[in-house]
Amino acid sequence: MLSIPTLAHPLLLDPLLAGWLQEDWGRGDRTSEALFDEDGPPARGNILLKEPGLVAGLPLLPRLFRLIDSQVECVSVVAEGSPCASRTVIATLYGPVRSLLMGERVALNLLQRLSGVATHTHRYVERLEGYKARLADTRKTTPGLRLLEKYAVRVGGGVNHRFGLDDAVMIKDNHLLAGGGIAATVARARARVPFPTPIEVETESLQQVEEAVACGVDIIMLDNMPPDQMEQAVRLIAGRAIVEASGNITLDTLESVASTGVDYISTSATITRATWLDISLDLQGLNQP
Amino acid sequence: MLSIPTLAHPLLLDPLLAGWLQEDWGRGDRTSEALFDEDGPPARGNILLKEPGLVAGLPLLPRLFRLIDSQVECVSVVAEGSPCASRTVIATLYGPVRSLLMGERVALNLLQRLSGVATHTHRYVERLEGYKARLADTRKTTPGLRLLEKYAVRVGGGVNHRFGLDDAVMIKDNHLLAGGGIAATVARARARVPFPTPIEVETESLQQVEEAVACGVDIIMLDNMPPDQMEQAVRLIAGRAIVEASGNITLDTLESVASTGVDYISTSATITRATWLDISLDLQGLNQP
Amino acid sequence: MLSIPTLAHPLLLDPLLAGWLQEDWGRGDRTSEALFDEDGPPARGNILLKEPGLVAGLPLLPRLFRLIDSQVECVSVVAEGSPCASRTVIATLYGPVRSLLMGERVALNLLQRLSGVATHTHRYVERLEGYKARLADTRKTTPGLRLLEKYAVRVGGGVNHRFGLDDAVMIKDNHLLAGGGIAATVARARARVPFPTPIEVETESLQQVEEAVACGVDIIMLDNMPPDQMEQAVRLIAGRAIVEASGNITLDTLESVASTGVDYISTSATITRATWLDISLDLQGLNQP
Amino acid sequence: MLSIPTLAHPLLLDPLLAGWLQEDWGRGDRTSEALFDEDGPPARGNILLKEPGLVAGLPLLPRLFRLIDSQVECVSVVAEGSPCASRTVIATLYGPVRSLLMGERVALNLLQRLSGVATHTHRYVERLEGYKARLADTRKTTPGLRLLEKYAVRVGGGVNHRFGLDDAVMIKDNHLLAGGGIAATVARARARVPFPTPIEVETESLQQVEEAVACGVDIIMLDNMPPDQMEQAVRLIAGRAIVEASGNITLDTLESVASTGVDYISTSATITRATWLDISLDLQGLNQP
Amino acid sequence: MLSIPTLAHPLLLDPLLAGWLQEDWGRGDRTSEALFDEDGPPARGNILLKEPGLVAGLPLLPRLFRLIDSQVECVSVVAEGSPCASRTVIATLYGPVRSLLMGERVALNLLQRLSGVATHTHRYVERLEGYKARLADTRKTTPGLRLLEKYAVRVGGGVNHRFGLDDAVMIKDNHLLAGGGIAATVARARARVPFPTPIEVETESLQQVEEAVACGVDIIMLDNMPPDQMEQAVRLIAGRAIVEASGNITLDTLESVASTGVDYISTSATITRATWLDISLDLQGLNQP
Amino acid sequence: MLSIPTLAHPLLLDPLLAGWLQEDWGRGDRTSEALFDEDGPPARGNILLKEPGLVAGLPLLPRLFRLIDSQVECVSVVAEGSPCASRTVIATLYGPVRSLLMGERVALNLLQRLSGVATHTHRYVERLEGYKARLADTRKTTPGLRLLEKYAVRVGGGVNHRFGLDDAVMIKDNHLLAGGGIAATVARARARVPFPTPIEVETESLQQVEEAVACGVDIIMLDNMPPDQMEQAVRLIAGRAIVEASGNITLDTLESVASTGVDYISTSATITRATWLDISLDLQGLNQP
C-alpha cells in the first residue's frame, strides 16, 4: 500500500493558506475581535465528521493555525486517508477562542472539499482492485486548488498525472493541426524541450497508436476508444510505452477499461463530480482545558 | 428580474486570474511553446456546452485572455445566466493558436465550475418562485474562489450573504460562550465595530429570538428550527428584523421553509453540492479566420 | 467606557509595517550597519512624549520591532489612550542598539501621527459628553494608513464609519444622477448587494429624508443641514433609521448639532486637521560589554 | 526658479497607487457597481479647491485613473504648484461615472494631503527669500507616503534631505555612544559604505564642529544651536562642508537662523504641522460631454 | 538545425525584468530624471558588440523597454544566436533619452551575461559536431537567472536538462543513503510522483548501471566514468534508457566522451566558466530621428 | 584591515533567498520528498572547497536554511574571506537529510559564484598594496544579484561604488548631450536632487576636469585616460574632489594607474570576468550525528 503523501513545503503552501485566510477575513473578524481578546480565553474544539467518508487534509490544520496563532494546538485523532463513520471526531483544536474562530471556516472548507475528493476518488480506486491499472487525475481542478485537490486524489488512492503544462509534452489533436502528423510534431517538440521531458500523444485510432509507438513516445493515451480497440492498442504497444486510457470513464465502465490491460485510467470525475463532506467544528466551552 | 451582476474590477480580479494561469503553466506550456510561434497561426475555437444547464463565467473569458494575449477575441454567443441545451456553442475565441491553448484549461475549469454552481443554485431558486423568501449563500466556498462562486450564485438567481468576516457581525452559539447572554454580547460587539456594521444573531429557540429582537439586531437567523417554530418566530419578529432561515435546507424542504414567511433561506448546498458542467473547447483548424 | 481596540491581525498588518521599514531603509541603514554589529551592543531607549496629549500606537511597538529583531523588548509605560503630560516616558525599548536605530524613525512617525489623531479626536469627543451623539470618522484618511488612523480615532474616543466602499451602500447626490430618485436607486442597489449590507442615503432636504425613511434605509445622513432642520429630520425619522449628521462640523458647532438628537456626527477633521504629537527616542547609553 | 519635479516612474509608483485603491475598495465599490455599468454613462467632474493654497498632486490624477479605467481623461486646469484662490477649479475629469466615483476618494485624499504640505512648505520658503539658505525636509513623513510628501515639499519650494537611511551616513549622538569620538566614528563608517556616500555629522558644540571639519565630512548639522553660536560655526567651517541648521525651527525663528549664513535649514514642520487643503469633486451631470 | 527558442510568457518573465529594473533604480534615476523630461528629447542608440561572440538576449530588449516606456522602439540588427565580429551593431534603440538611459544598464547586463553563456556553450557544441551526443546544462545557474541562462545555453546550441527539482526524479548517491539500493529507491520514488515524471539514476559503476536498467529507469547518468567504462555502459544499456555522461567534462575531453556513444553530455561549465561579452550602448545625439 | 561586512537585513534579503529556492523547486523536490520524511533522518554534510580561493557567502548558509527548516544547523569552519587551499571543508551542515538536499543547489550556487567574485577581486586588490588607490566595483552586476555580488567584492577587499542610479548623480557624456556643458548640467542636477546627493562627473580631457573642479563636484572620474594625463589631472584637482580612474583596467595596467595618485580605480572585471569556484556538498551518511 502507498504511504500517505506529504504536503508541499511551507514556502510553497503558506502563501496560499495566507491568501485564503485574507479572503475570509477582509478587514478582520469583526465579531470575534470585538468579543474576545487576542490571548484568551482558551477553548477546545472537536472537528466532527458528519457523514461517512475518507478524511483528507488533516495535516493542513497545524499549517493553517500556525499562521493565525502559534498557541493553537492541533491533534489529528484519525489517520489521514482513513475511512471514517459519521459522527467521528477526526481532530481536536486547543487555543484562544478568537484564534479558533478566525480559522474555523477556512479549515473546514479545506477539509470538506479535500475529504470529498478523497472519498470520491476512493470509490473509483476500489473498483480497480486486482487490476494492474492505476487511477489518475487530470488538469481539470479548481483554479488555485490544484496542489491540494491532487493531494486529495493521492489520499484517496489515485495517482497524479501532470501538475501543469510544463510537466510533460502532451500532443493532442489540436497540436496536430500544425501539420506534419504525429512523427513531425513529436520530433519538433522533442528538439525544443528539456531532454528529460516525457512525451505523451493522444490517439484516437490504431493507426495513430502505431505512429506514436514508432516515434518512441513515453506515454500513449487512448482517447475514447471502445474496450476492444483499447485491447488491440495495448497489444500493439506491447510495453514500448506507458498506456493511458481516457475519455468519459465512469464507475460503471471502469472495470471493462481496466481489463484491457492499460497502465493508467485517467478521469476528471474524481474532482469535478466530488461534493463536499459534511464536517463541523464544535467548541467545548471556554476555560476548560 | 435581476440583471446579471458585473465582475470585480481588474485590480481585484486580475491577480487571481494571473495566479491561476501560473498554477497551470508552471515554467510554461512546453507543448504549445515548442510547436507554435507566439504570433501565429491563428485559430478559431468554439466553447461547447455538453450537458444542459445555466452558463456562468462568460465575462471572464476576455478578462482571462487579455492577460495571455491582447490579440485574442472572445465573443459570447449566449447571454450570461441563460439556460442552454446540451451541444450549445456558448462562446467563440479567435486568435493565435498558442494563446488559445495556453488559456484553454483555466478558462474551461472556471466556466465548468461556475456554471455548475449557477445551475445548481437555479434548481433551488425555481422552487422559491411565488414566495417572498430569497435564496442566499454562505461562507462555505472553495478557498480562493469565493468572489467567483458567489458571483455564480447570483447568476443562478440567488443573493449573497457575507463575503467575509468583516461584512457583518454574526453572533453564533460559540460567541455566546463568552458569557452574558445575547444582550450583553450584542452590546459589546456594537460598541466596537464600525457603526454601520449590520448585526446578525443566530437563534435556536423562541426565547433567543425574543432576546435578539429586544436588542434591536438587524438580522435574526433561525437555525435548524422546525417549520412551525419558524412561523412563530416570524410572527414574533413582526418585521422588526430581517429573518433568515438556515440549517440543513434541501430541495425537498425548501418550500415548507419558505411558506413560514422568512425573508432569506441560506444554504451552502448550492456550492458544496454542485458538480461541474461539462464544457469543452473545439478548435476549428488554423489559418481560417 | 469603551475598552481600547485591538490591532489588526499580523497577517493583515505586518505587510504594511514591513513596507514602511523598507521605505525608510532603502538598501539598508548605512550608518548603523557600518558602526554596530547585528548582535550588540544592547541599549535602553526611552520613548518620550514632548507635548501633552493622548498617546496612541503603543501596541504597534512590539509588532514593529519583532520584524526587525526578536531580541528587542518593548514595554509600554502608560496605557494606550491615556492623556499624558509633556515629558512623559511612554514606553521603553531594550535591545541591540543597531536594531533600535533601524526602527526608531518608523516607530516614532507612527506614534506621532496616531497620537496626533487620537488627541485631536478627543477634543471633539469631550464636547459630546452628556449627549447621545457619538463622533464618527470618514474615508478622508491618509492613503495607506486608513487602518491605523481609524484605530487612532477609536483610541481618542470616536467610532468608525465605513472602512471602505464595500462596508455599506452609501447613496450620495452623484448616485442620484442616474435617475429615478431615492426610491428607485435604493431598490436597485438593494437588489444587487449582499443582503446584510447596510444602506445609507445622504439627504439635503426634509423631502429627501421622507423618501429615505419610506424606502426603509438603515442610515440617513443629514448633509449640511442647519440645526433646526436637523431637529425636524430627527423627529420625522423617529427612530426608524440611524441618523448621522455631517458637513462642516467644527468644535464650535458640535454641541448645537448634538443637541438635535442625531445618533452620529461624522467629521473628517479629526484626521485632516490633526498635526503630529512631538515624541522622541532617547537612548540611555550602551551597556558596554 | 525651480521647475516642478517629475513623479516617480510607474514601476515604482503604480504599486502604491494600486494599494491605496484596494484599501478604499475592499471587495469593491458596492454602491457604484450596483448602480452604474462599467462603460457608462459618462460624466464630467470638476475638482474644486475650497480654500486658498498651493496645489500639489495634479500629475497623479492621470496616473491614478489609468489604473481604474483607461477611458477617463484628466486635464489640469492650473499649473502644479501654483497658488490658487478658494473656489478654483484645478482639474477636470471626464469618463464613465462609475470609474470617476471609484477613484474620487483616493484622488482627493492625495490632492488634499499633498496640497496641504506644499502650502505649508511655501509659508516657510517665502520667509527665506533673499537668503542663501534653502529649506529642507526630514525623514519625519507619514509611513508609506514619503515619496509623495517629499515631492510636495519640492512643489512648495523646499528641497529634499535624505529619502532613507541609505542616502547618506548621518552620525548622531546615539552613534557616538559606540565610543571613539567623531573622528573614529567617521573613519569606521567611511571605510564600510559605498565610497560616494556623503557623510553628515550632527554637532551640538563648536568643538564638535571643529572635529567634524577635521574629519573632512561633507555636511555638518548644527543641532539646536543659538543663532550666534551658529554664526560662529559657519565662520569656523568656512566653506569646507555644507552647513545644515536643525532643531525646533519655527516660522518665527526662521530668518534669524537664515541670517547666520547656513546653507540649509531642515524642519519636519512642513509635513508634521501641515493640515489638509479642502478639495472636492463636483460631478456635472451625466451624458453631457 | 534547431530554431531559436522563444522567451517565457510575459506573465512569467515580466516580474523578473521589473525586479531587475527596481534593483538598479532604487528610488529612481536621480541623474536622468533631473536632466531630461519624461517625454523627450528622443535619441537613437546603437548596441555595439565589442568582442567577437554569439549574441543572445536580443528578444529581451523590447520586453524590457516596454516596461519602461512604450515609446521606445527596439530593432534587432543581427539574428539571435548569430556569431558576430567585434564592433558589430547588434540592435538599435530609439526613444526618449531618459527612458533609454533608465534601461541601459539592465539591458546591457543581460545581453552581456547571456551572450557570454551562449558564446561559451557554442565552443562546446562545435566540438560535438558529427557525434550523436548533445550538450546539456545542469542546475548550476546563477540564482534568479536560471530561466535566461538556460535560454542562452539553447541559443548557443545546447539542450536543457531539468529546470528544477520537479522536472524529473534524479536519484544520486545521497538518495541511496536511505537504504535499500537502487531498485527499492526507484520503486519508492515511482510510487509517489506524478506518473509521467521521468526517473534518472546516477551511476558510478557498471553494476549500478545494470541495476538501473533492470528498474526500467528513463535516464542513466554515467558519473565520472573513464571513457572505456562509459563505452561498456552504453553497450550494456543498449538503448533501454537515455544515457547521459557527466562529471568534469572539459573542452579537451569532450570528444572522447562523445565517442563512447552516450546520448547527452552534461556540464555546468558553459555557465559557471562563462565570462561576460563586452557590449555597450552608444547614444547618437538627441533630436535627430 | 577592514572587518568583513554584514549581510543585508532579513527583510531585504529573505525575499530574494525565498525566490531562489522557489526557482529551484518549482512544485517541489520530487525526489527527496518521495524518499525522505520531513523530519528525518538527519545527516551531516561537509561543504568542501575543491580549488584554492577566497571563500565568500558563508553567512548566507544559516539565512538560507532557516527558510527551509529551522532544525538545520550551519557551522562555518573557516572565516568569511579567508584564502583557503583546495580540499578545505569550509562549513558543515547538520539536519534532516531532506532539508539539506532541498537547499543544497541554491546554497552551492551562491557560495560558488560569490567565492569566485571574491577570489577574482582579491587578485586586483593584492596589486594595489602600498598604493593609496582603492579598488571599486561598478553597476555591471548580474541582474538580481547586485546586493550579493557587491558584498563579495567587499569580502575580496574591494570597496563599493553606487548600488543603483539613486546613490549619486553621475554625469556621463550621454547626459551632456542635453546641452549646456558640464557647468549647466551640474547646476541643473544639483537643483533637483536631494541635497546630500554626491555628484560625479565623467571626464575625458583635462579641460573637462577643470570644468568639473570649477563646479565643485564631489567626484571626478577620469575615463580611459593614459597614465600621464591622469597624473596631470590628479595634480590639477589637488584634493578638491575625489578622483576615480576607470576604463579598461586590467591586472597588468593596475599599478601604472595607481601610481598616478588617484583615490579609486573602478572596474567591472572583478564581477564580469569572475568564474565560479568549485564547491560541493558531501553528505556523511545518515543517523550519525
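Should a chain be cited, it is by its letter among A, B, C, D, E and F, assigned in written order, with residues numbered from 1 in that chain.
As a convention for this text, contacts are C-beta pairs under 8 Å (C-beta built on N, C-alpha and C of every residue); 3 or more make two chains touch, one makes a residue touch a chain.
On a predicted model such as this, the values are computed, not experimentally measured, just so you know.
Novice: Could you tell me which chains are in contact with chain E and with chain F alike?
Specialist: Of all the chains present, those in contact with both chain E and chain F are A, B, C, D.
Novice: Common contacts of chain B and chain F?
Specialist: Per touch definition, common to chain B and chain F: A, C, D, E.
Novice: Quick one: point me to the chain whose Cα centre is farthest from that of chain D.
Specialist: A
Novice: Would you mind telling me which chain pair, B-E or A-E, is linked by more contacting C-beta pairs?
Specialist: Ranking B-E and A-E by C-beta contacts puts A-E first.
Novice: Are the two sides of the chain A and chain C contact the same residues or different ones, given that same means over half of the numbers occur on both copies?
Specialist: different
Novice: Hey, how far is the Cα centre of chain A from the one of chain D, in Å?
Specialist: So the centre of chain A lies 53 Å away from the centre of chain D.
Novice: Distance-wise, how many Å sit between the C-alpha centres of chain D and chain F, to the nearest whole number?
Specialist: About 33 Å separates the centre of chain D from that of chain F.
Novice: Hey, how far is the Cα centre of chain C from the one of chain D, in Å?
Specialist: From the centre of chain C to the centre of chain D is 23 Å.
Novice: Could you tell me the distance, in whole angstrom, between the mean C-alpha positions of chain B and chain D?
Specialist: So the centroids are 45 Å from each other.
Novice: List, in ascending order, every residue of chain A touching at least 2 other chains.
Specialist: 25-28, 33, 102, 147, 163-164, 166-168, 191-194, 197
Novice: Would you identify the shape of the chain contact graph, picking one of line, ring, star, complete or other?
Specialist: The chain contacts form a complete graph, every chain touching every other.
Novice: Contact residues on chain F for chain A in the complex?
Specialist: Residues of chain F touching chain A: 18, 21-22, 25-28, 33, 37-38, 67-68, 102.
Novice: Would you pull the chain D residues touching chain F in the complex into a rising list?
Specialist: 2-3, 5, 134, 136, 159-163, 166-168, 191-198, 200, 218-219, 242, 264
Novice: Which bits of chain C are touching chain E when the two form their complex?
Specialist: 26-27
Novice: Over in the complex, which chain B residues touch chain D? Could you list them?
Specialist: 6, 8-9, 11-12, 147, 163-164, 166
Novice: Report the residues of chain A in contact with chain B in the complex, numbered from low to high.
Specialist: Touch list, chain A to chain B: 16, 19-20, 23-36, 41, 43, 97, 101-102, 105-106, 108-110, 112-113, 116, 139-147, 163-171, 174-175, 177-178, 185, 188-189, 191-194, 197, 272-276, 283, 285-286.
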